[in-house]
Amino acid sequence: MSLTHFDEQGQAHMVDVSGKSVTDRVATAEGCVVMAPETLDYVLQGTAKKGDVLGIARVAGIMAAKKTSDLIPLCHPLPITKVALDLTPDAELPGVRISATVKTSGQTGVEMEALTAVSAAALTVYDMLKAVEKSMRIEGIRVTLKDGGKSGRYEAD
Amino acid sequence: MSLTHFDEQGQAHMVDVSGKSVTDRVATAEGCVVMAPETLDYVLQGTAKKGDVLGIARVAGIMAAKKTSDLIPLCHPLPITKVALDLTPDAELPGVRISATVKTSGQTGVEMEALTAVSAAALTVYDMLKAVEKSMRIEGIRVTLKDGGKSGRYEAD
Amino acid sequence: MSLTHFDEQGQAHMVDVSGKSVTDRVATAEGCVVMAPETLDYVLQGTAKKGDVLGIARVAGIMAAKKTSDLIPLCHPLPITKVALDLTPDAELPGVRISATVKTSGQTGVEMEALTAVSAAALTVYDMLKAVEKSMRIEGIRVTLKDGGKSGRYEAD
Amino acid sequence: MSLTHFDEQGQAHMVDVSGKSVTDRVATAEGCVVMAPETLDYVLQGTAKKGDVLGIARVAGIMAAKKTSDLIPLCHPLPITKVALDLTPDAELPGVRISATVKTSGQTGVEMEALTAVSAAALTVYDMLKAVEKSMRIEGIRVTLKDGGKSGRYEAD
Amino acid sequence: MSLTHFDEQGQAHMVDVSGKSVTDRVATAEGCVVMAPETLDYVLQGTAKKGDVLGIARVAGIMAAKKTSDLIPLCHPLPITKVALDLTPDAELPGVRISATVKTSGQTGVEMEALTAVSAAALTVYDMLKAVEKSMRIEGIRVTLKDGGKSGRYEAD
Amino acid sequence: MSLTHFDEQGQAHMVDVSGKSVTDRVATAEGCVVMAPETLDYVLQGTAKKGDVLGIARVAGIMAAKKTSDLIPLCHPLPITKVALDLTPDAELPGVRISATVKTSGQTGVEMEALTAVSAAALTVYDMLKAVEKSMRIEGIRVTLKDGGKSGRYEAD
């Protein structure tokens, strides 16, 4: 198997997908921001009353999904038909769990869009809480589901 | 302590930094992409001969650092004066370790720029290798150094 | 009726339009910039000889229509197939009347694209004339026509 | 007085501000979205429980302020140091009143940034409510305050 | 024959292509950067060992192709399905020859995307070598092939 | 002499300019679009009556100058203080001559901004005339003047 993003000379290119059929495609990705329990308290207060950390991170994730092909050099531009993000505070982590689902009708998959949405939402959570904790970590960003297209369904364990 | 990105009513705003002095600021962030040993082999071959996975991810990280304020809703636009990324294959991980250093002379710090550079480089590594492995994970994105500005020097353990 | 941009928990998302059929869609929006008669004189001279205020505002509107999904958080990216703007000096207003028509073949309507084109053209008119009058106002931006798609034809009174 | 955005031949250019001094500048703009009382009810419910129309429009306004020089052809890029938006439901209008305040330390004013923030927030309000009412109108977008720089303080009546 | 980008009143618009059929389209463009033989030596060393001038210029060209409709005012946004660039050092020039091939399935051609890719790659070559030679020139940017769509095949002599 | 855009390992980075002083900088670049005499007639008619090819290309050049650091991977973002373009029909060429002047107060030069402005204006001229001639060529893009900063004044022969 070879890396599709390179030609026989090893030169990067945006893969020719013009021969692939347009099918409905979906991908889901997840990740989390790990923080101190006291930092998570700000998030929990926030959704209730102070400032809506998770709401703003959700918007950032949706908007970033639309910029994926602008950020990832060899990614195809795609007409995204759905983006949804879930941001859930988790006291056991402690931190915020993020998942993103993206759909398109197109010639390539949308796992990069889902991963980019999760990454941007995680970065935004970091940005909004960094005044109270600098040692937060973004962890476990991965694809959990990919379906549609010739390569078939993929589900993470 | 309160979250600076919200006013007293809990409404999000871009913080007023006009009263802060312009100082030299630097931040370093790190993260990694964890993959199967066979996937890492593609990276190692690549730098030698086939396709330059790490070189393209480095460019993606540099370009993403310049887009930080476009991706993170409440981030100030900043005249970045330096961006450098290191991408190192690590057989023990196994995977690729990424670190990014960003500098500016400005009124706010550049840790979001460093984190964004690492995230975009990691996403690009994923994109270029996803044809051979879908189960890669992006892990451990965090700030390791921040200096300049009133809040002083921060170094991760 | 509920707001389509929110799910049952009230969380914002980009609506799933993957089940909607691709149809030809058109939308027209209008608005105006109200100014002093002496300011309008600059526009009228401009088209004749000095500087082409309306021509530049027209280009700004066309280019902004293409950025709509980048500006409006929950807007779907769409392959626009036509954008046309009319900018007409109106001595009775006094000011400049603007209308924009946008077409696509897609799964959602283009009224946001038409409204964005009008808004950007109006802002550009303001920018180019603000040296002579700061009290200009942008007024009456609204959708006048929307057609194509399941929800049927809409025409403003 | 002549239009600064054109040279003597009437050709558009981005004005040379290199000779102007860097000073603190501020501008405030306002506008509103007029809607049916039943539409406004969705906004009022939203802030309480369903979906946060105003919160998302606020984020859209902040992010659009940062894109001003990308939207308005002859606008200078500026390092914005503050953006804040107020979105207030007003039953008498009925509709939503929007105001935006932008600051910079730079060589030109930020009234275009404030007007762009108001416009984008208004467009986003329209987008989120258009499923229940297409006849909303964006009205009264204007500069209410401008200060800093050689041309002095401007306040609307 | 008239210029399609203007209507009967001579006002610019983005041409209505909604009636055109979606067909596979391809375009190839070429150009070069002419430099001193000593400057070319840096490129030749670079690909071997020092810094990969051509690899970075290739990425810049691919990414720029995706931004074409953002740069060229009346260009339609298109879902690009392939971008490939060739950058070849040529000692006879002396300099670097660049060619770009772009494909889409759409309603308009992709010659502007191919020309934009060549231009951005050439500018990047200039940027990376300007420390050693300021007198480089970008020459001979033109379309060499265009196919698909109603106007038929075009090949340069 | 070595290429500043690479470190000692030959890895690309955005050069650290934080130690350089902020000075006034200016650069001028030029280029041309060569076409058939009949094609040039469209431009000449256009400026008089039909469609303003040169006016739109001028706006495209100004807006592209502001996007330079987004297009050229290792370019620093700069607060541009002036952009002016001259587009002159030349019957002897035959074609259109383009020159662009850009200024900033910053830590790096603006020759890339001037070259990008010329390139985008040339591409726009091509786009607007391609319906009548596909064989146009963009030629002779180069820096003619660069001043300010430590490396001193450069003037092309």
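Chains here go by letter, A, B, C, D, E and F, matching the order in which they are written, and residues are numbered from 1 within each.
Definition applied: contacts are C-beta pairs under 8 Å (C-beta built on N, C-alpha and C of every residue); 3 or more make two chains touch, one makes a residue touch a chain.
Since this is a predicted model, take the numbers as computed values, not measurements.
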Path length in steps (a step moves to a chain that is touched) from chain A to chain D: 1
Relative to chain B, largest Cα-centroid distance belongs to chain C
How many degrees of rotation bring the Cα atoms of chain A onto the matching Cα atoms of chain E, given to the nearest 5? 120
Tell me, please, which chain's centre (mean of its C-alpha atoms) is farthest from the centre of chain F? A
For the pair chain C and chain F, the C-alpha centroid-to-centroid distance in angstrom is 30
What whole-Å value do you get for the distance between chain C and chain E if each is reduced to the mean of its CA atoms? 31
Inter-centroid spacing, chain B versus chain A (mean Cα positions, whole Å): 15
By the touch definition above, chain B meets two or more other chains at residues 11-12, 52, 55-56, 59, 63, 67, 70, 73-74, 79
Could you list each pair of chains that touch, in label order? A-B, A-C, A-D, A-E, B-D, B-E, B-F, C-D, C-E, C-F, D-F, E-F
What does chain F use to touch chain B in their complex? 7, 11-18, 69-70, 73-74, 76-79, 106-107
Chain D-facing residues of chain C, complex: 1-6, 10-12, 31, 42, 46, 49-53, 56, 59-60, 63-64, 67, 70-75, 111-112, 115-116, 119-120, 122-124, 126-132, 134-143, 146, 154, 156
Within their complex, state which residues of chain A touch chain C. 24, 55, 58-59, 62-63, 65-67, 79-86, 103-105
Which residues, counting only chain F, touch chain C once they are in their complex? 52, 55-56, 59-60, 63
